[in-house]
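In the two complexes below, subunit A is the common chain; its partner is subunit B in one and subunit C in the other.
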Partner chain A sequence: MTLLFFKIVNLELRKQMSYRVDFWVNTVVSFFAAMGVMYFLWDAIFTASETEIIGGYSQKEMILYYVLVILIAKLVRGSNQMTGIAGDIYTGELTKYHLFPTPYLTFKYAEHLGSLLPALIQLVLFGALSPFIFAFPDSLNITPLSIITCANVVLLANLLFFTLTLPLQLVAFWADNVWSLVVMNHFISGLLGGAMLPLELFPDWARTVLNFTPFAYLYHFPVRILTGHIQAEQIWIGVGVMICWIIILSAGSWFIWRKGNKLYTGVGI
Partner chain B sequence: MIHVKNLRKEFTVHRKPPGIIASMKALFIRDTITKVAVQEVSFHVAEGEILGLIGANGAGKTTIVKMLSGIIHPTSGSVDVMGYNPWQRQKNFCRQIALIMGQKAQLWWDLPAADCFLLLREIYQVDPKKHQEMLEFLLSILDVRDEINIQIRRLSLGERMKMELIAALLHKPKVVYLDEPTIGLDLAAQRAIRNFILGYRDSVKPAMILTSHYMEDIERLCKRVVILLNGKFVFDGALQDVVQQFSAHKIISVKLHKPVDLTRLNPEIELIEDHGDELKFRVMAEDVAHVSQHLLAKIPGANLAVGEMNTADVIEELFQEKA
Partner chain C sequence: MGRYSKLYLYFLRFSFSRAMEFRLDFFFRIVMDTVYYAVHIIFFGVIYGHTSMVGGWNFDQVLIFMCGFFLVDALHMTVHANNLWALPEYVNKGHLDYYLIRPVSSLFFLSHRDFAANSFVNLIIAASMLIWAILRYPGEFSPLQIMVFLGLLLNGAYLYWLIHMCFVIPVFWTHSAHGFQMLFYSLKQFAERPDPIFQGLMRRTLTTILPFLLIASYPARILFEGLNTTILIHSGLVSLGLTIFLLWFWNKALRSYSSASS
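Right, the complex of A and B next:
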């Protein structure tokens, strides 16, 4: 089973590389597009506000935050999770997987991991180039320990994002098309997870509430671990909250999966 | 190996009349209807047997195949496939079945067949040596060795269908469902696939169910058929018995020595084929005697023969009558 899991990851890696243009657009152009918007936006905000610090971030720290959050968010989300499972239900592609002696959701998670290849290349490429392109703070707290801790938390965040999206995608058993639900989740999790704004810019009460939700641990948490802003004790608490949410969301998804499967009609054949 | 008893499947479907007003109304209130796709169907299939499941579009053939392979749940009835309940989808059950769908690609569109076959080896936990032997055997029979490293989406329909067959049979399933496996293929490819299916049946002895709109598929591959009309079971038996049971007509063939003026014949007699030197008439069985007398009277010296309709025509007639 473990071997099969890695074979599926490997298969998805090769699928990602099947289309060269899409691969490089996904890997290179998407980073510049996202980073360009954030760079010019925050440059204008800092200039207009005539302040050096916003929400505890200097302009250089803000740029560093966005470089890291863009690179890490892609590792957390993968590149084909928007409607992968919902699409299988809608088009009847699920039929193929139902015939296999392999659990469908395990198969899809392996595919999800395999789809991280462009994100990994983006991380290595821009992680190395960004210090030469953008002005970063003079003193960085990124250490080997913070990198290893962040890498582990990113893996957990990846699973958390998968389990967060899963119940919404499974609604396709009833609603057929769940595109708007999944897009809404994408934006809400981006906003409340720190991919659009650092969570320090939210009011204190909102941050307190967010710490109990899965969103805060998707993007903001791993970035702040990497930059050395979160203490060990808080990391353990955060990881505990993440694991609790993964268990809750997985159990919910399993329940929806079992109910939904009884309604599946295998359209398309 | 396959036992089906009183199988029934109902679907609830939304009904939406055409037009923008109906579309806006459907945002708030939806009309639903319950459609009965399969009604109390029972049959069995033995090891090494190919059962033909025939019926017009919407007769419920594919729905039955979907239930027998565990893809969808039945509304009622029972199914036993090799001792398993299909919709529990136990691993050992999935390892022993295959479903080949002519209308839907099951391989990974963006990968070459060779990569797909390797992944299937892991999915079905097939011993690498046995997998390679079986792959070599199937590739040589279907003559697609040169295409194995080409992306699936770049293959022709016939080549893709052959790859689908290989993928489905690599794990040597004991139960095989073939849902229109030759649809859209040219005659040579159809023939190759039919021969391949017969060869596979002879060597592995699986229980097979075939659905097809091509009567040649049924006639070449199946000795026994089940006929469905609008989801209802109407016949289970030998293919040659279909004609006796359902055809109310006979065919009268008339060999001509010289051309004949057809306007002299009773216009109520249905001429179905005119080859110049041979005419074929379709008549009700009870009218054969007096129609024969009429033809002999109007066409002196003609050579008459009375025969059965062919199976394909009888089945087509049956579908049209009940439509």
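Right, the complex of A and C next:
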């Protein structure tokens, strides 16, 4: 089973790299576009506010935050697996997977993991280049321990994102097109997960609420661990919350999966 | 012109009847776009909790700008987006042949045949939000300013389609799943921010070659800075230049289309 799982990961990995021109153009331009927008926006905000610190961030720390959050968010989301499961249900492709010797959802998670290689390449490439392009803070708290902790939390965040998207995709058993639901999740998790703004900028009451949701642990949490801003005790609490959400969302998905499978006809469109 | 109008009415009729078949999707898409609007307003709301100005614009001004952008985006989602998403598949599977043999402009047909009736509701929501943002603005605008603003937003929607199309057409050569559409959506972020924040070479690029700042930000400046002929001439010339480029690019792409599916 484990061997099969890694074969699926490998297959997806090769599939992701098949359109190389697309990959490199998208990779380079999308990173610099996202960074360009954030750089100019925050430069304008710091200039207008005439202060050196906003929400606990200096301008250099803010830039570092965005470089890291853009790269880590790609690792958490994977690439383009947004409607794969819904598509299989809608087109009737799911029938094929019922004959496979591995559970369908395990197969899909293996594909999701396999799609991470492009994001990993981007992380290494832009992570190495960024200090030469952008002005980072003079002293960084990134240590080998914070890197290892962050890597583990990113893996967990990746699973959390998968379980967060899964029940939305399974709605395809009842609805014809759930693309909008998945995109909606993308917007909400981007804002409430810290991909659009560091969560420290939100009002205190909002931050308190966010700490109980799965969103706060998707992007903001791993980045703050990497930069050494979260203490060991808070990391354990955060990991605990993430595991609780993964269990809740998996149980919910399993329930929807069982219900949906009873309705599934395999006819497709 | 009459023939094209009649054809478009047929497109509308088919699109609405199809949308009514998928009622849940109809509802989901309305909610999705509403969430998109809310996320961007909250984004700026949080930022303005820490500063009073961004690029010289206050929150009321940014709200009008963003609602203007929502209107342009809703227009694009309603009229063009579905068609542009489908184009790479037609090219890659060789289905484009069916559209090239019709006695109408292939560019018109392929860009307009699928009217997203479910996004039409969002168009109404976005228009309502723009009216609300203008009404709550503490200053006053003359009727002429508002008319020019709306005219430039329409031009912005046209530019939006032109730019998007330029990112889809490379699929004739790359044969990838979406052309460079992901790239377009990455670059689209520039259109979602006020233009005064961009400086230097970046600003020149975003107002000429990739005119994202002309989509909603330049039109908004007509309201805040008064009628400005430079903005009108600039927007007109860039739209004309990009139209000429798109027609040339489309014809070049069609010449390289082999009809073979891949």
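Basically, the second predicted complex is superposed on the first by the 265 of 269 C-alpha atoms of A that agree within 3 Å, B and C clash if a C-alpha of one lies under 4 Å from a C-alpha of the other, contacts with A are read in each partner's own complex, and residues count from 1 in each chain.
By definition in this document, a contact is a pair of C-beta atoms (placed from the backbone, for glycine too) under 8 Å apart; a residue touches a chain by one contact, two chains touch by 3 or more.
The model shown is predicted, which means the values in this text are computed figures rather than measured ones.
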Which superposed partner A:Leu129 touches (first subunit B, second subunit C, both, neither): neither
First (subunit B), second (subunit C), both or neither touched by A:Ala251: neither
Which superposed partner A:Lys96 touches (first subunit B, second subunit C, both, neither): first
Comparing the two partners subunit B and subunit C, which touches a greater set of residues in subunit A: C
First (subunit B), second (subunit C), both or neither touched by A:Tyr264: first
Partner chain(s) touched by A:Leu191 [first = subunit B, second = subunit C, both, neither]: second
Footprint overlap on subunit A, where subunit B in one structure and subunit C in the other make contact: 19
Complex interface listing, subunit C residues touching subunit A: 22, 24-25, 28-29, 31-32, 35-36, 39, 42-43, 46-47, 49-56, 174, 176-177, 180, 182-183, 186-187, 189-190, 192-193, 196-199, 202
In the complex, subunit A residues that touch subunit C: 19, 21-22, 25-26, 29-30, 33-34, 36-37, 40-41, 43-45, 48-49, 54-55, 174-178, 180-181, 183-184, 187-188, 190-191, 196-197, 201-203
Complex contacts: residues of subunit B adjacent to subunit A: 11, 62, 66, 69-73, 89, 91-95, 97-99, 101, 103-104, 106, 108, 110-111, 115, 118-119, 122-125, 151, 179
For the subunit A and subunit B complex, residues of the former touching the latter: 3-4, 7-8, 11, 14-15, 18-19, 92, 95-96, 98-102, 261-262, 264-266, 268-269
